[in-house]
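Listed next: structures, encoded as structure tokens.
In what comes next, chain A is part of two complexes: it sits with chain B in the first one and with chain C in the second one.
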Partner chain A sequence: MSETVRNYVTEPVSAGPDRGGQTRPRSSWGRAAAPFRAFARLTIVRVATRRLLLAIPLLFVVSILTEILVSLIPGNPGYVLLGSTATPSQVAALDQRLGLTLPLYEQYWHWLRSALTGNLGTSFYTGQPVLQAIQSSIWVTISLMVGTLVISLTAGVALGVISAVRGGVLARFLDAFALLGFALPGFWIGAELIRIFAVKLRLFPAVGYVSFGQSPAQWLHSLFLPVVALAFGGIAFFAKQTREAMLDALGSEYITMARASGVSARAIVWRHALKNCLVRVVTVLGIEAVFLISGTVIIEFVFGLPGLGSLAATAAGNHDIIMMQGVVVVYTLMVVAINLIVDVAYSLLDPRVGVK
Partner chain B sequence: MRVFHSGKSRYAAASMLAVVALVACSSGGSGGSGDSGSSGSSQPVLTIGVTENPLTFPGDNVTGGGQGNQAETTSTLDYAPLINLSPAGDTPTGLTPWLATSWGYIGTNYETFYMNLRQGVKFSNGQPFNAAAVKTWIEYVYHQQLGAWAADITDLKSVTTPNPYKVVIQLGVPNPSMPYIFAQRDSNYGLPACPAAVANPSITNDASCGAGPYEVQQSSTVTGNIYTFVPNPYYYDKSAQKWSKVVAKVISTPSSMLAALQTGEIEVAVGDSSTVAQAQSVSNVKVVEGFAAAWGLNLVKRAAGSSPLGNVLVRQALNYAVDRAAITNAVLGPGSQPTSQLYNLDGLSQQANNYYSYDPAKAKQLLAQAGYGNGLTISVLEVDLGDIGTTLGQAIASYWAKVGVTAQITSLPPTDVASVAADLKTGKYDATFLAAPSGPMQFGYKVTFVPGGSEDYLNVSDPQLDALYQTAVHAANPAPYWQQMNLTIAEQADVLPVGWGDNYYYVNSSKVAGVMAPDAREGLSFASEWYPASG
Partner chain C sequence: MTDVEGGLIAPAATAGPRSAAAVAQPAAGFSRRLLKQPVAAVCIAYLGLLILVGVVAPLLLPSIAGQQAGSLSEVLKGPSGAHWLGTDSLGRDVLERLLVGTRPVLVGVAEAIGASLVIGPPLGLLAGYRGGTTDRVIGWLADLMFSLPGIVIILVVLAIFPENMLAAMITLGFLVAPSMIRVVRSAALPVRSEPYIEAAKISGFSDLRIMVREVLPRIAGPIIVQMSLAAAAAVGIQVGVAFLGLLVPTPAPSWGGMIADGWSHISSDPWLILPPAALTAATILSLGLLGDAVRDTTAGRWASGPQAVGGTRSIRTREERGPRISSASAADGVHPGHASAGKVLAVEGLSVATDAGVLILDDVSFDIAAGETLALLGESGCGKTMTGRAILGLLPTGITPTAGSIYLKGENLTSLPEKALARVRGRRIAMIGQDPMVSLNPLFRAGWQVQEIVCRHRDGISKSEARDVALDLLRQVDLDDAPDVFRRYPHELSGGMAQRVSIARALAGNPELLIADEPTTALDVSVQAEILALLRRLEAERNMAVLLVTHDWGVVAELADRAVVMYAGEIVEVGQVEQIFARPSHPYTAGLTASSPHYASKKEALRTIPGSVPRPGDWPAACRFSPRCDLSIKACETGPIALVEAESGSRKVRCVRHAEFAERTAR
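For the complex of A and B:
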């Protein structure tokens, strides 16, 4: 392949701004710090640092908003916890014990002071430390999300590429499939999967979760139907995005040059065009991953999975403010992590994208 | 442009193989801990589906536990009650010995109650079960006021232990329902926890410390999801330990619960009125049901001169206007029954039960007599409790409309209970939602008809009811007076009960036997009574 074509196709990236060959004498401190400075200049490091620094005020804002919004919900945890036959004095005593009679800012301050030491409090409803509850739930949700993203991405990208390349009936099928994927709610798909593959065919369990540590095979088995239920919409989403991006890429000049230079069709699609359309896919991957957080709540309920979503839904129903606060903080951290991964992936896929 | 060659078929084949391998190398339909079936010992494993977390500590979770029948279903597995509420219910023969071998009142004023305790019993942590432990437990629940049912005992003067296995409870007011209070229904008093758990309840976050036949196994329990009960090594009656293990899976949605039963992942499910018809059509599944609570309306402003409800003729008219049979069947499920009384174990009156027939003509006549021949408006506050609640209110409203009564319904979710109570106390609404859990007459009376009761929002008292109550608590046999109270409530139309809702249990009858939900016991079934169908 000629140098020109190679440049068009791979669009090499410079390692960084050209300093014009300028140098200056360095002290011993400067010499010692040189490797660290070189590390810090790496785009990935700058991206990650910026994201993590932004996460701190974000966590504050989210936790304050959660406290305010929860306080605005009519109702009293005491009545919810003790039931409608509780006397007002019982409820008042419980409110006192739970610290609910304090002003909101004091409640938040107490919670923040504990949270900064790693103590997210104790659930009103179960008496379990919030951190312990989250630790036992988070891996279920992460398993579900990762599995869904892997399936959605793999199948979606493949479907999108194929339909972009082949067009015709497959393209129309993809459009119809995408419409179905967007329209059909995940809980309905989940219920139908249970009805067909669990109840009728007895191939998979209807409910429940087996941890990876207990049995990797059973773990996969217990997650298969929930992942498929969640991935249905994701496949459609990625397929549609990939198809559009692939069509754009295949229509660009460098691809035309590549074809003219005799590059194989397979290489054009899978090595050159795909890499450039993956930038868009990575963008929507981040968006999809964030939306998936809310999607897992319903699916965990339907399939009886003990994940963060179930924990959040149960806490909300029981007016368990402490647990809700903890779960919201964790969800925020997950969103930050997802955005960080997306940014890092961006910088790896396209070195032209950097921190300004 | 063709891109794919034979590699496409390789990928497809590999994917198919992966799916087949996934299905093949896992046992089918056995999620959770994979515990269905035998666990290696000679006794089988029982797997149950529940919708609420089983109790790990009757005084825990801030609530005191026992908030729903699902928690009670498994409560006697790890926490044996002092007095057993047998399927015969709260009748002279219904309360049978368990951790207490005998009990009674000293004197005739129902103020001094004693229990003789079983000897040779230990809690699951090895601590001895004795009078000192029971005294500690009773005082803990009472002074902490843990749970809504702590108020079952009022004015506790003292708890003494004349010998290591006898407890004497001195009250300041008569309470003829003490044996019931120390049974396993609706009460924490009757489910003693070990002294170590009383001193530090956090040890029972995902473990138990009772004197029941089983104990919660911490290593196999995930709070809120799956609870594993293993035989209590210290339990005094090994023959009562019918299962090598009992696994309770928390499944929130009724359809998922039924699906889990159909796939064999659970053998007994706590049912729901929305799935009972479907469950009845499943082979090998038996539906067991029993009355749980009376549902209807609490006519809050029954004593308010400013409200139409202050007139007994209006209240009676509202009762006559409603077709209880139709509403009950549609809203409460196929097994429920219409009723004109608040169902109570010891005050069940057949006369009160059928007091109001469906008679719209009579309703109109009564309204005209009361001066509301041109109609009136009643404001109703409904609490949306799943498939009942608001639906029931709307059904009642549709019948009222036929006799010229307009119901203005405000519906709130259950988490708005505080605002509900506050609004009702200001007299903002004429009526509100009523769900009267079955229980002794005096409990219902205190909650709904005594000033200060949590559902006597306007502090209304009825001298006739009060007089009957005072007579009952001093009578050798209070039952006729409880029945008369129920009849009086029906005659005065203080409330508008519609029907008794059921508790449902779906049972794989080829695997499990002994599941009963007797009406006399408020439709409750306790897992400690179940045994393998094979023997």
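For the complex of A and C:
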């Protein structure tokens, strides 16, 4: 309520803040509306373009990162990468392969030129083409991420909404659950799941992966425990965020007015408030998804899944920088894709996006 | 990264409207308040102990770091007197390794936090304080860094700098910096325009000096919160990467390495993973909780807590509570022979109080006939809006009716359960709000929001029929291009158009009573007259009863037949608008009239009522207006004043001196 004694007394006829565009003649609105709507539809395009433009410097930064870091190694990088037992001829051969004798920009230019033709080089440790290694492992990671996001989003939002509406014990349970989800490391949850469900109860395989093409049922079976381990923190995160957003939405004026107009309690919660709450959940979805990537690296390792994360961890242990360079670019592309989806979803949910 | 209490996006608004004096409070006050919270005290004690262990343990147990293997006969033994936490797969003591392994975790966290502090706050300050292009560039950089897949970047660094924790943790510090940049930026933004910063600028202090001296201390809270969250993330990543075996060279102990050992022997020795994993979880937890406690301390707890939960519980819980006033205190059911029969609405002796027992409305009675407009007048805080909400059963959580009845055509609403009451709302009583821009849901099209109410109140109506009815309603409220307005979102409407849509929605259920809560306050002057004319026309056409909540005599004169003047939760005067206006019999009414720009004499300066409305709970026991009244005498302060009939009986007034006052003010 903005009405105060002071403005009551001093302001003529209680003039409120100027609501822009009020005095606009209606006829011009009519004419302006058609192109405006076309423009609004273009908002998605604009949002997507902005995200993709941001991806260019991002990809540049991550792809040149290895070259810059190698150039920062004091002394001869070959010894660091191959270990102190390497012979000078081995080191020389490596220098040749990595193009370490060339200046930085030329190294990068070589990599970029072949990368643009789809050639990300060959691992100097396993001899496998990088692209091939990525192709064979990326679906594991994508399955893991999509499965985890779907489960943690649906379960988290449902839990958050219900606890916002019901309050009481459920809200307190959610608080405790959110704390656990925040604090328990995923690899511990994973290890305990293996102990209980794979070793003791023998319900699920402890390690290993079966591709969807081989057997969809076993594919689900092999992904179940890793997804549960990853989703634990995700559910807690989304539930907490949803509850806060839901409480904000339910406390707002438009909800009171909708209730005053007779909208049923169910429609208030699941239609009016939920949509507003989802807008905020979508904004944190991107954050959680990027965070989830870190989780998959370790969970893939724990469950012996041959995904990108295992590839990255192994390559890092082997100082396989050519492999690392390719893997980090692919991971970055995944982040870009996630953010793109989030941005588009956001602009579809909220008509105010892109309107100033 | 799950933020424990508030959520990742909550902590921005901390250093908001706090006075310079509050900021100048010594830091000692802050830490005392922080330590008063048991959770924070426990977390600080735990973390302090951890730091002590990290410093002391490697000094006291110098041989552990290089120990390749222990006694091979003691492999994978559970806890015992000799080995309190058992032994690992190489027969080494778990407790000793855990203690010595604390240092690398702490060092790693310190390195990461240090790196993030070097770039986070300075860039955030710069962006928030400078604004403009600087802000945009830094925001873009932060966006960029936010999109980096954190742990993978760290793996790249470790591939090139093998087992180099410093390099890895500095990288992590850079990766967590963007959230610090954002928080510091949004905390520095409001500070920038504060008067005393302006003063410092005018006094010729350099920007750098202002930032460091004035701005930094005020945003220390958000920085500490971010630091503890970043530290929690750093513990997770440090242990995780050590778990992968990429961070701490063997045989040196580390929590992550010990978890890996426990993980690989999980089936033969399930105990082994427990101590390092639990320690990791406890450390992350205490850092997260500490961050929350710091935020609550600096923010004075306005973001979270019971208030945030308010407003919502009512949706279900009240439904289960059933009737809002037990039938013992309220006459229930329909009263055929009641005096108020024939009236659309009769409020009788309504009192409303908070759960803590603070009275907000005190014995409020009035009635409205069909086709009549009753104005509820008074300053802000007199209980007008609360009265309107009480009629609809939409009081905020924690506020309930304690006595009295509300009759709608003889039916007592206070005895209705929530479900039955929900059928009254919109269908028999509708409401329009003060600010049209916030009373429509921003995410749904304006026309759809009308259509929804049409569907709700006309049983068996089809979607397309409802749409036609909604369009027709939009035309009835003088929106010429109804199909166009129908398609628009609320942010695409002007204030006047949005208020018309709200009115159309209120009419959708053909209500017998319309509650209009300050319907023109938020509108432009030119639009106000149009909306008032519209309301007058609709009232006449539909023979609706209208309860007009307002503080504006101009609106009252335009629309209302009778007026109820409220002050501090009670009615002070009731009567015909012309009568009240011509001869106010209560000094408060007179004060309101005199201070209205509509009716003040053009030659005099606008008069004001000194002082302000007392808050609920602070009401004087006697005449509540007496402290602000020129005419106050002893009798005004001795006891409660009754609402008495005056003149022909059509008027009521709550003033001991009303007769002589009315004579004085007669014009």
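The rule is short, and it goes like this: the second predicted complex is superposed on the first by the 275 of 356 C-alpha atoms of A that agree within 3 Å, B and C clash if a C-alpha of one lies under 4 Å from a C-alpha of the other, contacts with A are read in each partner's own complex, and residues count from 1 in each chain.
Just so we're on the same page, a contact is a pair of C-beta atoms (placed from the backbone, for glycine too) under 8 Å apart; a residue touches a chain by one contact, two chains touch by 3 or more.
Only a predicted model underlies this, so the values are computations on that prediction, with no experimental measurement involved.
J.: If you stack the two complexes on chain A, which partner ends up touching A:A171: first (chain B), second (chain C), both, or neither?
T.: After superposition on chain A, A:A171 lies in contact with chain C alone.
J.: After superposition on the shared chain, which partner residues are touched by A:L69: those of chain B (first), chain C (second), both, or neither?
T.: Once the two structures are laid over each other on A, A:L69 reaches chain C alone.
J.: Any idea whether chain B or chain C touches more of chain A?
T.: C
J.: Touch check for A:Y125: first (chain B), second (chain C), both, or neither?
T.: first
J.: Which of the two partners, first being chain B and second being chain C, lies in contact with A:F303: first, second, both, or neither?
T.: first
J.: Identify the partner contact of A:F224: answer first if only chain B is touched, second if only chain C is, both if each is, neither if none is.
T.: In the superposed model, A:F224 contacts chain B only, not chain C.
J.: Look at A:I44 in the shared chain and tell me whether it touches chain B only, chain C only, both, or neither; answer first, second, both or neither.
T.: Neither partner.
J.: Report for A:S215: first if it touches chain B alone, second if chain C alone, otherwise both or neither.
T.: A:S215: touches chain B, not chain C.
J.: Is A:I138 in contact with chain B, with chain C, with both, or with neither (first, second, both, neither)?
T.: After superposition on chain A, A:I138 lies in contact with neither partner.
J.: Considering only touches as defined above, state whether A:I194 meets chain B (first), chain C (second), both or neither.
T.: It touches chain B and chain C both.
J.: After overlaying the two complexes on chain A, where does the chain B footprint on chain A coincide with the chain C footprint?
T.: Residues common to the chain A contacts of chain C and of chain B are 73, 80-81, 165, 191, 194-195, 199, 265, 269, 301-302, 313, 317, 319, listed in rising order.
J.: Mind pulling up the chain A residues that touch chain B in the complex?
T.: Interface residues on chain A, with respect to chain B: 73-76, 78-88, 90-91, 93-94, 97-98, 124-129, 132-133, 136, 162, 165, 191, 194-195, 198-199, 202-210, 214-215, 217-218, 220-222, 224, 265-266, 269-270, 301-304, 306, 310-311, 313-314, 317, 319.
J.: Write out the stretch or stretches of chain A touching chain C in their complex.
T.: For this pair, the touching residues of chain A are 1-5, 8-10, 12-24, 26, 29-30, 33, 36-37, 54-55, 57-58, 61-62, 65-66, 69-70, 72-73, 77, 80-81, 164-167, 171, 175, 178-179, 181-185, 187-188, 191-192, 194-195, 199, 233, 236-237, 240-241, 244, 246-248, 250-265, 267-269, 272, 275-276, 279-280, 283-284, 287, 290-291, 293-294, 297-298, 301-302, 312-313, 315-321, 324-325, 327-328, 331-332, 334-336, 339, 349-352, 355.
J.: If you look only at chain B, which of its residues touch chain A in the complex?
T.: Those in contact with chain A are residues 1-4, 22-23, 25-34, 49, 53, 57, 60-64, 67, 145, 147-151, 201-202, 204-206, 222-226, 249-253, 255-257, 259-260, 262-263, 265, 383, 412-419, 421, 435, 437, 447, 452-455.
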